[in-house]
Amino acid sequence: MSRPKVAFFDFTSCEGCQLTVLDALQTHPELLDAVEIVQFREAMSEKGEDYLIAFVEGSLARPADEERLRGIREKAGILVALGSCAHIGGVNAIRNRQPLEKVRKHVYGEKWEWFDAYEARPASAAVKVDFFIPGCPIDRSEFLEVVTALLLGRQPKIRDYPLCVECKLKENVCLYDKGKSCLGPIIRAGCGAICPTYGDGCEGCRGLITNPNINAAEDVLKEHGLSVKEIMAQMDMFGTYQMMEMEGVGHD
Amino acid sequence: MTNVSVNVHHLTRVEGHGNIIVDVRNGELKECRLEIVESPRFFEAMLLGKPYQQASHITSRICGICAVGHATTSLRTSERALGVEPSQQTVLLRKLNFFGEIIDSHVLHTYMLVAPDFFGVGSVIPLAKTHTDVVLRALRIKKLSGDLCAMIGGRHTHPIALCVGGFTHLPNESELRAMRKRLVDARRDMDETVALFKTLDWPQFERETEYVSLTKSDEYAFIDGQIKTSDGFLYDLDAYRQVTNEKIVPHSTAKHASHNRESYMVGALARVNNNFDQLHPQAKDAAAQLGLEPICYNSFLNSAAQIVEMVHSVEESIRTIDELLARGIKPEEPVEVEVKECTGVGSCDVPRGILFHDYEIGDDGLITGANCVIPTGQNYANMEADMRALVPQILDRPEPEITLMMEMLIRAYDPCISCSTHFLEVEFVG
Amino acid sequence: MSLKIIPKEKMGEFVANMMGAYRVVGPRQKEHQYVFGPIENLDELHLDYNTTILPPKKYLLPQHESLFKFNADTFDAELTIDDQPTVILGVHTCDLHAIQLLDQVFQRDHLDQHYMARRENTILIGIECLEPCDDHSFCKSMGTLTPPTGCYDLHLTDIGDSYAVDVETEKGAWLVVRHAEARDADDEDYKRINNILSEKWPRFPYKLDFDVGELPALMSVSQKSPLWQQLGEICLACGSCTNVCPTCYCFDMRDKVGLSLTDGYRERFWDSCQLDEFALVAGGHDFRPSRAARQRHRFFRKGKYQTDAYGLLGCVGCGRCGRACLVEITPVTTFNELYRQRTGGVR
Amino acid sequence: MVSSIYLPEPARILDVQQMTALEKLFTLEFFGGRSLGHQSGQFVTVSALGIGEAPISISSSPSRSNGTFELCIRKAGDLTGVLHQKKAGDTLGIRGPFGQGFPLKKFQGKDILFAPGGLGLAPARSVINQVLDERGKYGRVTILYGARTPAELLFKGELEEWDKRDDVDLHVTVDQPDDDWTGNAGVITTLFSKVSVYPRNTVAITIGPPVMYRFVLMELLGKGIPETSIWLSLERRMKCGVGKCGHCQINDLYACQSGPSFSYAEIKAVEGAI
């Protein structure tokens, strides 16, 4: 079987997801026998333009990004959003809560117009995304699972149930039992509940499950003493774009 | 005589997006600049209104490679603002974590991003076939450092357990012992790394400049300390703006910085130049083998300085684990914080150089102002100055070679472009 | 079968000896709570624990388990049966009752060889609860405050300076003969045990407002209770209630293969009726689409279906689900509310 | 030797026929030569190792087995998608037969009314052919079959055969006819006016998607057929096929154990069954 060609692209991001891919190569060097990497700017100079699978990291942060992404979409048979930024806008979208001009002026002062920018958004805001791998950063084994599924011609199965499931299986003491808070009940599992396992509440990097009971979750947070501002800050760390969509606030 | 046009669009094997533009007409350097085309990130704006506890988690997302550096700097900034003194155990664990990140970042840079240039290939992937042992060694060191970071923070990229006042999770002693053993075994890999890099033919190029780093009286500084420059200046952290003097330039979403001269350099070479005496003896030995001697003005040798720091970090990690084991790991809760209106500056010398965070926190614990000055941003002016100095020296070479040299020069800085595109509280010069 | 006495100072030796011959698992501390885990030295064992986050079920029906390995190209398949000899030490009586139900489920009709191989190689050592573990448990109401006969091998009761050991099976008897320094109980011991057991009884409260025997009938008439809708409103569908439950055993299966795409295994793993896709079929029809319907299903399994099918209650009153539930849905309040709706609370 | 109820047994694909755009008919035979030994209305689970496993009704009649059996599989997702790429000579894994078939003995002497819709003809075909092979044991045989479009009609060859028989009354309809369609147009319930039954001596067997049941049941009950004489087959998500995994539970019934064939009387009071 010939190895399918894959390419990696990055938009606005910390490139931590691509680093996780490099880490996956440490533990699974056989990945290089399974696929042919034709573009990976962060790690190689070669640039192949013929690819079947495009992994796209990062949010769109300015209009010019969309054009580039559309170009990638046209060439790719399968487009996979890699990580929180590309999947749900990620931390980049935090700034969307403030007026764009204010943000730009805050950053670049009078020269704010020198640097183009618009509200940060996920890849799916501009093109059709076939699959996504959630997380900030992505989970290494989930990445390998997705690649394996794509090679097998199987739909990658990204979990669509709350993190609490995995957290319970890890037998963690629930953070709410320790007087802390956590977004686990409404956030997609798949990371092995790594944050609660390391003593910190889930921050929601993998995005909301399909049917979250947000009202009930907010009540839980309130009952555990969080102010409305603090609840907003929690929900908005990775979820600003998703939350604003649910609130029906526009992005253009 | 010559016309040279170098236009490297989207520099590869660096973190983030940058372009190199060189234009020489009739032997005269018309244009020579590094364009930062990464889209602006606005992290400082993002921190506004966020609880200070979230700041380290948000700012670690500035960079996937030096996430521990950003997180630690952020924690130190909040702690210094709020007047929190972490325990000795916390200090030791943070140091250990930091060594892990130094090793991780430096091995990635030297082996996977820089070395391919010397082997004449476009990436580390073909090396897997031709130099299997080299690649396997790199992967082994990378895995070790990644596991070291994960043992403390839960994962390397975007650590979890680090919080204001301490940790939300502690490694246990048997994990520390197992890690110690692996670090001891890694000494051989360090020896072989030094042996490999000393055979590389570093480009001969020198340009005098100013080197800026943290410094401490009692140790080779990575976390906290004072700001030291090779031109003989010493500042407290709060005075960081006197050093950074950032200005906006039109061709870059990142800001340029200058202190005593038109530019200065930060990073491994700056640290080694400024704090050479405090390196572990093993690291000094490595420096000697690599021909690195302070004060070294060859920017290409920044990669050699990184190897020296890797050796230092392996040795210091072992020593730190010994100290932790001798004390025994105590189950500690993070130090309690009394929230008040306050401001503070924190700094770490992260893999790519000195990093500053500066926060204002309101009495409700929400951040009301933030500034982050990132190492790569401080290096831009110096990179361009180097480019301007280097081009005339190599004009007689064929264009592809000039291009490669320019790329290698920029890569030597290990630029983290994505993290340098940030907001600066601007006093405009540009 | 018989009653033996092991002095507490000899317990360490007993456990250490067993550790030589078996994997020994028991309650260990995790932060301020407890979990069942491998006991490698005696300090780790906390027989006086209140309850564990997950029940000991995880050693009989692991969260993830390979059923068979395969080569997808050649169709070679090899069974994987995990039957490592294991002693589960310190199982509370409620959890023993739950295991009794699992034994029925996995033996009845189609024998599940994977479960049974493990079960047959597992020695269960129960421990008598002398104090209620916390506000959530309601074992007395469910009739699980004493061990179920035939399900355990040994059962310990703390009688002060010693443990009284109720030897129930040949396996248990052999374990004592082989590894413990025990003596036969005498009249004095019987008296002590008697006192301890009768003194313990009033310390445990009844939590249900009605007799548990009425529960299946109560459920039958509660299909249309408005309570389900109310629970559906607040339920997070996080699955915690079923994941911590000792009597829940629903599972899913999937194939795992490596990047070679040929070698792999079929894995069985825990599933939960509270999760979205549990009852979804091809074509997109979901037979239990609402959180209300799922909560109802869960409580019907606890209160009626399992009793109808296996003659054993589907809830053993361990209280774990109530403890784990962030919106405080508990069997006690649910069953009592259904009872109140039926009778106005009058017995 | 230890065995396992979860271990599939390899079976060889003897033949694959494309029936419609989405459905293929697979003929299989066990390597060991054992015959499946099923009853009409039962199902097996089919595995492609590395992809997964799914429950599939047995579409062939026990009366025509000669060591082989047939499965009609619709491409609906991962596993079924991969099954559709398999060819004669490939190997699949089979467990089963599982579940309760239709109690044909009880139906002897009765008139039988089949009302399958869509893919429901796949399992229904097993019973129909068994009844036709033992034709003498039953009274009148009526088949009402509905599909969405002419292109989606399954087992077209057999439909023609049945149509030709004097002892079978066949009516076919499609929801959305095309230009060439000359038959009945409309949902399956529009066929009921075309047949007359003697309700007390009629057994009705209906198999189809959930939406269809509600309307077909109304027709059948409206004709006066007793609840105990109306049979259907319920599809649920299933993982184990042996009453353990919990997925197919409908209140206290496990579709894989007590079903998938049920009489309406058994399930009419069961909330959520239909």
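For this structure, a couple of remarks:
Letters are used for the chains, namely A, B, C and D, taken in the order the chains are written, and counting of residues starts over at 1 for each.
By definition in this document, a contact is a pair of C-beta atoms (placed from the backbone, for glycine too) under 8 Å apart; a residue touches a chain by one contact, two chains touch by 3 or more.
All values derive from a computational prediction rather than experimental measurement.
Put simply, the chain closest to the centre of the protein, by Cα centroids, is A.
More C-beta pairs touch across one of C-D and A-B than the other; that pair is A-B. We define each chain's centre as the mean of its Cα atoms; on that basis chain C and chain D are separated by 39 Å.
For the pair chain B and chain D, the distance between C-alpha centroids works out to 67 Å. In this assembly, the C-alpha centroid of chain A lies 25 Å from the C-alpha centroid of chain B. Chain geometry summary: the mean Cα position of chain A and that of chain D are 44 Å apart. Residue positions of chain B in touch with at least two other chains are not found. For chain D, residues touching at least two other chains, in rising order: 50-51, 77. Counting partner chains per residue, chain A has residues 152 touching two or more of them. Pairs of chains meeting the touch criterion are A-B, A-C, A-D, C-D. Interface of chain A with chain C (complex): residues 28, 30-31, 33-34, 144, 147-148, 151-152, 157, 160-162, 164-165, 168-169, 171-174, 176-178, 184-186, 209-211, 213, 216-217, 219-220.
Remark: chain B residues 10, 12-17, 38-42, 44-46, 48-51, 54, 57-58, 61-65, 67, 108, 112-113, 116, 122-125, 128, 139, 142-143, 146, 153-155, 157-158, 160-161, 163, 167-169, 248, 250, 253, 364, 366, 418-419, 422-424, 426, 428, 430 touch chain A in the complex. Residues of chain D touching chain A in their complex: 50-51, 77-78, 81-82.
Touching chain A in their complex are the following residues of chain C: 30-33, 35, 53-54, 63, 233-240, 243-244, 254, 257-261, 270, 272, 275-277, 291, 324, 326-327. Taken together, the chain A residues at the contact with chain B in this complex read 10-20, 22-23, 25-27, 29, 32, 37, 40-47, 61-62, 65, 90-92, 94-95, 98, 103-104, 106-111, 114-117, 136-137, 194-195, 197-200, 203, 229-230, 233, 237.
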